[in-house]
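In the two complexes that follow, chain A is the common piece, with chain B as its partner first and chain C second.
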Partner chain A sequence: MAQSQYIVVVGCGRLGSILACRLSSQGNSVVVIDPYESSFNNLNSEFSGFQIVGDASELAVLRSAKADKADCLLAVTDKDNVNLMVAQIAKNIFQIPTVLARVFDPAREKIYRDFGIATISPTQLSADAFITNLSS
Partner chain B sequence: MRVILIGSGKLAYFLSKQFASKGYHLTVIDSDNEEAIAFSRNLKAIVIHGEGSNPNILAQAGAYQADVVLALTINDEDNLIACQIAQKEYGVPRTVALVNDPENRPIFEKLGISVAFSATEIIANLIEQQTSSDEIKNLLPVAEGKINVTEIALSESASIAGKTIDDLQLPTGTLIASILRQGDVIVPGGDTILQTNDRLILIAQPEYYGQLLRLLGAE
Partner chain C sequence: MLLTKNKSNRYTSFLRERYRAIVGYTGLICAIAGLVILSPLLALFFYPEELSLAWAFAIPGIALVIIGLILWRSLTPKRNVSLSLQEGAIIVVLTWLLAIIVGTFPFITLEGLNFTQAMFESTSGWTTTGLSVVDVEQASKLILLYRSNIELAGGAGLAIITLSAIAGPIGAGLTSAEGRSEQLAPNVRRSAKLVLGIYSGYCVVGIIALVIAGMGWFDAINHAFAALSTGGFSTRSDSIGYWDSPRVEAVTIVLMLLGTLNFVTGYFLIRGKFKAVVRNGEVRLQAVIIPLCILIILFGVGIGLYPTLGKSIRVAIFEVITALSTTGFSTVGYSDWNSLGWTIMIILMLIGGGTGATAGGIKQFRIYALYRALVWEIKSMLLPDNAVTEADYWQGDRRKFLSDNQIKTIALFVFLYLILFTVGVIITAAYGYSLPESLFEYASTLSTVGLSIGVTSPDAPTGLLWTQIIGMFLGRLEFFTIFIGLIRLCQDVFPVVFGKK
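Let's turn to the complex of A and B:
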């Protein structure tokens, strides 16, 4: 990532907070959205972006995060369906160029990958890591 | 018709009862285990405990054969994903989703859902259109509210009594479909004369409805 991007991170749990902090410390401008204010305690001092309290499945919340200006959106809440819905809205309504969604359920992940939503499945990644370690 | 209904609570229960009485082949997917057991005892339907957006549960519910999937949970995202998976993975021809955020309605339709409806919007419209007057009743939205059917009574003081329909110059997008007069039904022509105590059956597009009511002196 050579130049600074405008990145929206949806969900500020363990994964979301790590992503938000790292991307922020790399010089990107980052907005992180979470329905619970206490989740922002997960952010450390590396984070210099904005926080929005709200449910990202509500269009007004994405709009207040200026999603239409974003270069990238990462949907990493703990709910597969929220991530898939937000990712589709980001891609099709706000036309964000890079959109990634975390999806735990491998079955759902495959279906949505097949119709063009970039997904990352932690389940699949761990399985692959286990298998790789076994065979090495 | 084969229907899969995803939802829980009273809405799912009473809808299921209606569908069953219409003879639909109904499968209910309920995320609440105890309620699912109760439903399976009380409803003429197959009841599955699970999440409607889970592809395996949808397959179990017979999504391959279903004609329509109704997603009526309280979470917009669950309704969207369940409908999309039903449609894209299992080829269900018609999907209907409940949305809570009214802004999601057009978005869901853009994302491939056949019909998305917002209870919030429908109730808000109803309240708005229910003017305080008792003279207006039976407001019935047709085609998702693109046209309304209303019955209004002409009061004793209505200034339009004695005029013909042609005299009224009804706004475009509105129609007096029939007149109920002393137990008779009249399908009016341009020369039909309106009388006090007539009850008019109106058909109007919502955008012209207010104009029509003002013309008839009902507002």
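Let's turn to the complex of A and C:
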């Protein structure tokens, strides 16, 4: 990542906060969205972006995060359905170039792929990791 | 026993590492402060006859730059370390103290001030107060420009300049320690660059506007710097009153208002988002206070005192804005004003400018928030017990709600402000000045305004000058930063030095 990007992180739990802090400390402009203000306590002092309290599946909240100007959106809430919906909105309405969503349930990955949304599945990843460990 | 020893060793080495970073970044900011001290030398191109004075700026400036760079190069860790608010506070307090102390050098050597007077002048400059013990009619061009430049740098904040100039420390700790918790962009460095960009833009426009209004280039540069930083050093002993020109006053008023406007609001204004500007609490508060006070000063003071109605109107507008924006330019003296005028001026000075601007004082946002909280409290008493309401305010284009926590912090700040104000007034009064004089002068000091009714002078008692120095310093950095920084520093340094614990 050479130059500074404008990144929207949806969900500020364990994963979202790590992403937001790292990306922010790399010099990117980061906005995090979470419905609970207390979630922002997960952020450490490395984070220097904006925090928005709100439900990211609402258009107004995404608009206030200037999603139309974003280079990248990461949907990492703990709910697959929310992630899918936010990712879809980001992709189709706001035309964000890079959209990544987290999905827990591997069965849903296919639907995501059909919608053209890149996914990262922790379940799939750990399954792969287990198997590579076994075979080595 | 062994366990505790190991533990404290580990803690000591952790502290050592953190302090390497802190001192390293302090060095970096000091180097920038050194450049600011060197900056008046640029004027030598236009005034080569003052070359003989250049050494007084070159010695402290170059020394600070070199020491700062050495510290930065040798101590700062390779990997960027993010700083917490406490560490940011330590850096800010250390750099400001160093900048102020080194900044006394030109005043001592060129103006023949003693150390106390030089400290006073230097503090007054860096904190953008504008109270002065220098005779500006006798001073050289370099000294005058030097005073304006340190105001300009002090107004923006040293950390901001450093952050945007060089890849400095990351994390919002440093900027919020210097009183800029609101950001323009979701990234500290870009935010700092934007602030500096807007600030320089204001400067260029300000200088040109003042020249068009009828000032010479040198005066225009000095006054634009002093107005935008809400500092208020002038190159004339009559301040803006020297020109006695409505056009100069009008331009200066606009510049002072820009200086006192929160940079975030200013950014919205530049981008043409007037809705966000109009909804802003500080703008609304100003829209009520300024006309109200102008009317009170006009009818209560001006009409009886000045020969023409035009003059009274000009005086009323200018003095209200210079006090509220904490700039401290003046067009008239205040000794012949009545008590009503003095009271209004003292209240305006205490309220002060906008948060996240270059101004001082309690800050308009805090007053506005307390007002909203008060209305909210009364309203909620009238509503049924279980009704849920919240006091809202607009910050940029986002609606926010006042939390109890926020109100508590603000109320404590205002309380502390008034305590320090009272202490300052008591000390001033103890030196034999009258109560109105003490109130006026210390309000002016603590809010970093710079209006004076004659208490501040080169022959003022040493103790009084030091009281004012402390007042200006506390007022600029908003108490809490200084307290946090100093307490943290003592807590960390004493056990290590004296081997306790």
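The working rule: the second predicted complex is superposed on the first by the 134 of 136 C-alpha atoms of A that agree within 3 Å, B and C clash if a C-alpha of one lies under 4 Å from a C-alpha of the other, contacts with A are read in each partner's own complex, and residues count from 1 in each chain.
Operating definition for what follows: a residue touches a chain if its C-beta (ideal position, glycine included) is under 8 Å from a C-beta of that chain, and two chains touch if they have at least 3 such contacts.
Worth saying up front: this structure is predicted, and the values here are computed from it rather than measured.
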{"item": "Room on chain A for both chain B and chain C (clash or fit)", "value": "fit"}
{"item": "Contacts of A:E46 with chain B and chain C, given as first, second, both or neither", "value": "second"}
{"item": "Cα-centre angle that chain B and chain C span when viewed from chain A, reported as a multiple of 10 degrees", "value": "110"}
{"item": "Touched partner set for A:S126, first chain B, second chain C, both or neither", "value": "neither"}
{"item": "Partner chain(s) touched by A:S4 [first = chain B, second = chain C, both, neither]", "value": "second"}
{"item": "Partner chain in contact with A:Q95 - chain B first, chain C second, else both or neither", "value": "neither"}
{"item": "First, second, both or neither for A:V30, with chain B first and chain C second", "value": "second"}
{"item": "Partner chain(s) touched by A:S64 [first = chain B, second = chain C, both, neither]", "value": "second"}
{"item": "Chain C versus chain B - closest C-alpha approach in the superposed model, Å", "value": "19"}
{"item": "Complex interface listing, chain A residues touching chain B", "value": "57-60, 79-82, 84-86, 88-89, 92-93, 105, 107-108, 111, 115"}
{"item": "Of chain A, residues touching chain C in the complex", "value": "4, 6, 24-25, 27-31, 44-50, 52, 64"}
{"item": "Chain C residues touching chain A - in the complex, by the definition given at the top", "value": "80, 82-85, 170-173, 183, 185-191, 397-398"}
{"item": "Residues of chain B that touch chain A when the two form their complex", "value": "53-56, 75-78, 80-81, 85, 88-89, 101, 103-104, 107, 110-111"}
